[in-house]
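Next up, some structures in structure tokens.
Same chain, two partners: chain A is paired with chain B first, then with chain C.
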Partner chain A sequence: MEKKILSKNWNKINPNLIQSYQAVGGYKMLRKCLSGKLSPKTVLDQITKSGLRGRGGAGFPTGTKWKLALESKSGQPKKLYFIVNADESQPGTFKDRYIIEKNPHSLIEGAAIACYALKAAKGFIYVNGHHFDQFKLIEKSLEAAQDQGLLGEKLGSEKICLRIQAVRGSGGYIFGEETTLINSLQASLGEARLKPPYPTQNGLFGCPTIVNNVETVANIPTILEMGADQYRKIGDQDSTGTKLFSVLGPVKKSGLFELPLGLTIRELLYDVCGGLQKGRMLDFVQIGWMGNFFTRKSLDYKIVYDIGEKQAGVGLGSVLFVDKYTDLKGLILGWARFFERESCGQCTPCREGTYRLLNIAERLEKNYLFEKDWSNLQDILEVLEKTSLCPFGKFAAQCWQGIIKLKGKEFFTQAMRKGKQ
Partner chain B sequence: MTIQKILLGFEPRPENLLSALHAINQQFGYISKANCYHVAEYFEMAPPKIYGIITGSEVLRDKPAADLEIQVCDSSFCKSKGSDQIVKEVENLLSIKANYPTSKFNLKTISCLGKCQEGPIMVVNGVIYEKVNPAMVDDILKNYL
Partner chain C sequence: MLEITIDKKKYQADPNQSVLDLLRANSIDVPYLCDHENYADFCQKDSSGTGMSVCRLCLVKHRNQSEKKFTISTSCNLYPCPGLEVISQDQELARLRKINLELLFADHAGLCAFCYKNMDCELQSLAFKYDIDEFKFVPAAYEVTADEELELLYEKMSRRVIDIKNSSIARDSLKCIKCRRCEMVCRNIQTVDSYSKSHKAIRSNVSTEYLTPLECTYCGQCSSVCPTAAIVEKSNIADFQNAVNDPNKKVIVQTAPSVRVSLGEEFSMLPGTIVTKKMIQGLRQCGADLIFDTNLSADLTIMEEATELIERINKKNKPLPMFTSCCPAWVLFVEQHYPEFIRHISSCRSPQMMMGSLIKSYYAQKIELDPKDIFSVSIMPCVCKKYEAARGEFQKPNYREVDCSLTTRELGKLMRLKKIRFSELEDSKFDPALGMGTSAGAMFGSSGGVTEAALRTAYYFITGDNPENLAFEQVRGLSGLRNSKVKIADLELRVKVVHGLGHARAILEQLKKGQCDFDFLEVMACPGGCIGGGGQPIPTSPKIRQARAKAIYSQDDTMKLRLSHENPLIKKIYKEFLTQPGSRKAEKYLHTHYYPYHYRHKSKD
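This part shows the complex of A and B:
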């Protein structure tokens, strides 16, 4: 079931040595670009044709994003910036950490090719502030690539300039949101911007900017190497290629797997993870983002980007199997704590809403809910979902709505405080 | 290294501000008010904005670190693996309360570090301990006290 394209060289190479990556054919595509055998247009066409979609959760077609940015740049004396979003911090997701730790050069090659294809003034790799080791590794790898003449000024026969800078981020979930990331890079406060205008029109320093996820970027050299047509054959029709899945829960085999998109939840559970551990019974499974729950009845749903009939949104590719023994109320409290802590406090619905939700979650865990909590919860979720500035507030609401949809009102009424209120 | 020397290592452009702040934070352990003004002057920005960026960050500090910096992940998966008991155990052993720092100890609950498989996670003075259970806490902390 596993299909190793992106991860084919993991554990075979030494991530600290650029020679090790070059020995398995690394930087071949970038060299082709620099020698003029691959034109920027060909790269753009190949990426568009491959059907690669953003691996950071939203699944926006990468080629389209690039074209939008190029369009808003054309005819204007503006620069274009390319940013790799390596600020992974969603609970239960660790795919970007693996890519950086196992093969940082694949990311750098992808970023360099992207900068070349887009004629970007500068590329940035924004690494989560908490992950100092990853930042060091990327910085070291960038230096090694520079020494090899793969990055820098006046490269190749066409005197191409490829500059990529690693930036250690502020640390915190909200900095992974693209507009907050851009604000943080241009020395503004870590707060989200209103969209539109999208970063492809008005991003870093007011210039068109492309923000791509680590996994998206690391896929670029592989796609160019195997060709867009070959890549399209993997996966589903509208969700092509492979995706890294971080699987957690009481299954026999958990961890990180590279799997073709379009597989069913059943295949993931039984063929890849070997089924649940002995004596466990599946309650539900959460895929992609908090609140995207599927019960045992929907095991035959396909895991793809779109959400439709018999389709399960893949999101970030994080999968959490929850069985009947898992402390569900504790899990909800964990989520509520996460949202309360990571809210940046810019907009009122999110700042206040996540705090109130945490209070409710704390009472829920102690089976000490007030009667009015149920109606309050509805109000908070509605306001949070409809009025919060960035998607963070919506995620916070979705997580609760998922639980309500799955367990119904009874789950909450059973946890109500007994006696007079 | 003095603050001026650190700053001279960076071009005064907005995209370098974070890197400069991280360098200062590493050198001195925190970014003092006086250093905030130095940074502001060098990058030609308003000092409150620099201060806002520092306090908005989870990594940069505006106050010196405590002698013992302990972080425990308490969100989602680590929580369901029992990180609350670890927090309680640390609180009891050191007679402190989580998220109320003293000059000696600072126990902070944090969000995901991407090591969910190896959870629960406890970080002591930058060293990450994996698969921690309450019985191990005493032994881990003994190394630092």
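This part shows the complex of A and C:
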């Protein structure tokens, strides 16, 4: 079932040595670009044609995003910046750090090709502040690439300038949101900006900016190597290619898998992960983002980007199998703690709402809910979903909404405090 | 201009103004706590910055022509486009607004009764209007056990930061709802940038850099935009009342020119109502023994400042251009940010300090009273005057020249505390000893007034004649920056009038580069001058500022005495006490010195 395209060289090469990557054909595409055999337009066309979609969760077509930024740049004396978002911090997701740990040069090659194709003034790799080892590795790899004449000023016959800098973030979930990441990069307060204007129009220092996920960027050299037509054949019609899935839960085989998009949940559970551990019974699966729950009845849903009939959104590709023995209240408390901690505190519903949700979750865990908590919960979820400033608020609401949809009101009414009310 | 639909009615909209501005202009009621109308015409909104539209209360539903479904978004960042359809009132919107308000109020539950701004608070009035449940998200007393209650209390208090180290502004983080208006004003309009958000999530707080005590220019604009009592003026009401109750103290009050046009608003009168006589009677009922007019010392300031300006031009003893010195926040701004320009500031004291000095020297001698038995109070539209009154230069060994300064808001509060029915008060007059000012002094209240008054007197000093047309219209108005040239005999005087420290900073930056095209610079730190001061009644909006300015200039049209040098009291004071403008004695009592800020404050440590 596994299809190794992105991860084909993992565990075969030494991530610390650039020569090791070059020995298996690495940096071939970048060298082709630098020697002028691959024009920026070809790269852009190939990426658009391949149907590659943003691997950061939203699934926005990468080619379209690049074109939007190039359009808003054209005719203006503005620079264009390219940012690789390596601020992975959603619970249960560990694909980006694996890419960096196993093969940092594939990321750097992808970023360099993107900078070349977009004629970007500078590229940044924004690494989560808590991932210190990965940051060091990236920095070292960048230096190595520079020594090899793959990055820097006046490269190749056409004197191309490719500059990429690794930046260490301050380590927070909200920095994964692109506008917040941009604010953080330009030393502003780590808070989400209002959209529109989108970063492709007005991003870093007011210039058009493209923010792409690590996995998206790491896919670029592979796509160029195998050709867009070949890449399109993998996966589903609108969700092409492979995706890294980080699987957690009481299954026989958990961890990171590279799988073609469009597989069903059943295939994922039984063919890839080998089914549940002995004596466990599946309650529900969470895919992509918190609150995207699927029960046993919907095991035949296809995992793709678009949400439709018999389709499950893939999001970030994180999969969590939850069985009947899992302490659901503890799980909710964990999520509530996470969102309360990671909210940036800018807008009212998110700052106050996530805190009140945590209060409710704490009481829920102790089976000590107030009678008003049930209606309060729904009120908070409504304002979080409808009025929060950035998507973070919606994520915070989704996990609760998923639980409510799954378990119904009884789950909460059973946990009411008895006696004095 | 394009046409958009709001609640099925057509409106003409400017595409550069947000829908919220349009709703406000058409008096359609939408709650908001982070936007503020005072600064709409004054500066462009921050396009990329953070802290914008954070309260999420001004929600509307909208759709374009092409869309079928309405989407909910905030109106402050929604800009009109052709065919936009907006719904501003709706059951769902009302519910969402209410829940957000309840979330904001959850931290405030049960605190209103002790609050400084009780019954005077934007959040509270919205809470009343939307009929919120105060204890919706916080367990009420009957719901929790005693232990739990203690825990909750501890949680609230552990995040509290109180900053009352300076003499002007008091901050209390417990009351803060993180609307960040103060941050916007301080950064975008005053460019002092003393506030920013610290911490994250529920622990986030609007604070100063490195959480140090507030040290800024104390213009007080933050206190006038704060919707709650998180930032308020440091109250001196208790000091005033103690002095009134002390039989050994004679309480002498002076009132600033712009207080009389705005105090009425504290008692729900229309903006721009002139309430001089009622204010005096009200002050007498509050226990003041004597009430003097700061207009008189404003006239005195004009005499001294005009003399100094002419001296600077003729003798070239001090550098040109000359800056005015009547705004303490502006003086402090130069001392803090541009100490190299200190010698440009006129050495004249501000009207408040001139009156304070006159009361404790000239008047005390006249009535044969020890200066320390006089309690001198000033009623000012400004919170920085509190800082100015506490400055080291104005502390004498056993007394202070101005013992305390109250803002317009505090005076209103004091009168309400004393249960004074303001509109039913009888008329009263200033005490004659130091209680007569001209309309030239009264114009100090508005931006451009100092320049106009100074020009009139300077004209007289140079030519020996009064100008034919007394109104120098070119320096009036509420635009941020005004230039004009005035010809007096052979002298062409180039004057510049600025309000708002952001504009002042731009000019000083130019001056730093050597681009100087003026001789006289008037700066008022607050938008619109003292009429938009940090201590003025809340709210202040461009319309209200205009009304107050109109009232100030209407005084100028009706008053007989329109020239500072023709004020008989001024003549008398110079004859009896100060000899002449610029004399040794005037220097001692009416002038002061300035120091770079870090000198003064480093030596203290």
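In this text, the second predicted complex is superposed on the first by the 420 of 421 C-alpha atoms of A that agree within 3 Å, B and C clash if a C-alpha of one lies under 4 Å from a C-alpha of the other, contacts with A are read in each partner's own complex, and residues count from 1 in each chain.
Rule of thumb we're sticking to: contacts are C-beta pairs under 8 Å (C-beta built on N, C-alpha and C of every residue); 3 or more make two chains touch, one makes a residue touch a chain.
Computed from a prediction, not measured in an experiment: that's the story for all the values here.
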- Task: In the overlay, answer first, second, both or neither for which of chain B and chain C A:G334 touches.
- Result: first
- Message: Let me test your reading of the model: by the given contact rule, A:N202 touches which partner, first (chain B), second (chain C), both or neither?
- Response: second
- Message: In the overlaid three-chain picture, which partner chain does A:G172 touch, first (chain B) or second (chain C), both, or neither?
- Response: both
- Task: Figure out whether A:K28 sits in contact with chain B (first) or chain C (second), or with both, or with neither.
- Result: neither
- Could you look at A:E352 and tell me whether it touches chain B, chain C, both or neither (first, second, both, neither)? second
- Task: Tell me which partner A:E382 touches in the superposition: chain B (first), chain C (second), both or neither.
- Result: second
- Task: Scan A:S343 for contacts with chain B and chain C and give back first, second, both or neither.
- Result: second
- Check whether A:K12 is in contact with chain B, with chain C, with both or with neither, and answer first, second, both or neither. neither
- Task: Applying the touch criterion given at the start, work out whether A:R296 contacts chain B, chain C, both or neither, answering first, second, both or neither.
- Result: neither
- Item | Set intersection of chain A contacts, chain C complex versus chain B complex | 172, 188-189, 341-342, 344
- Seen from chain A, its contact residues with chain C in the complex are 172, 183, 188-189, 191-194, 202, 206, 340-349, 351-356, 359, 370, 372, 376, 379-380, 382-383, 386-389, 421
- Which of the residues in chain C come into contact with chain A in the complex? 47-57, 59, 72, 74, 77, 95-96, 99-100, 102-104, 106-107, 136-137, 139, 143, 177-178, 196-197, 199-204
- Query: Quick one: in the complex, what on chain B touches chain A?
  - Reply: 14-15, 17-19, 22, 43, 45, 49, 52-53, 56-60, 74-80, 84, 109-117
- Query: In their complex, what parts of chain A are in touch with chain B?
  - Reply: 88-94, 96-97, 124, 129-131, 165, 167-173, 184-190, 205, 246, 248, 254-255, 290, 320, 326-327, 330-331, 333-335, 337-338, 341-342, 344
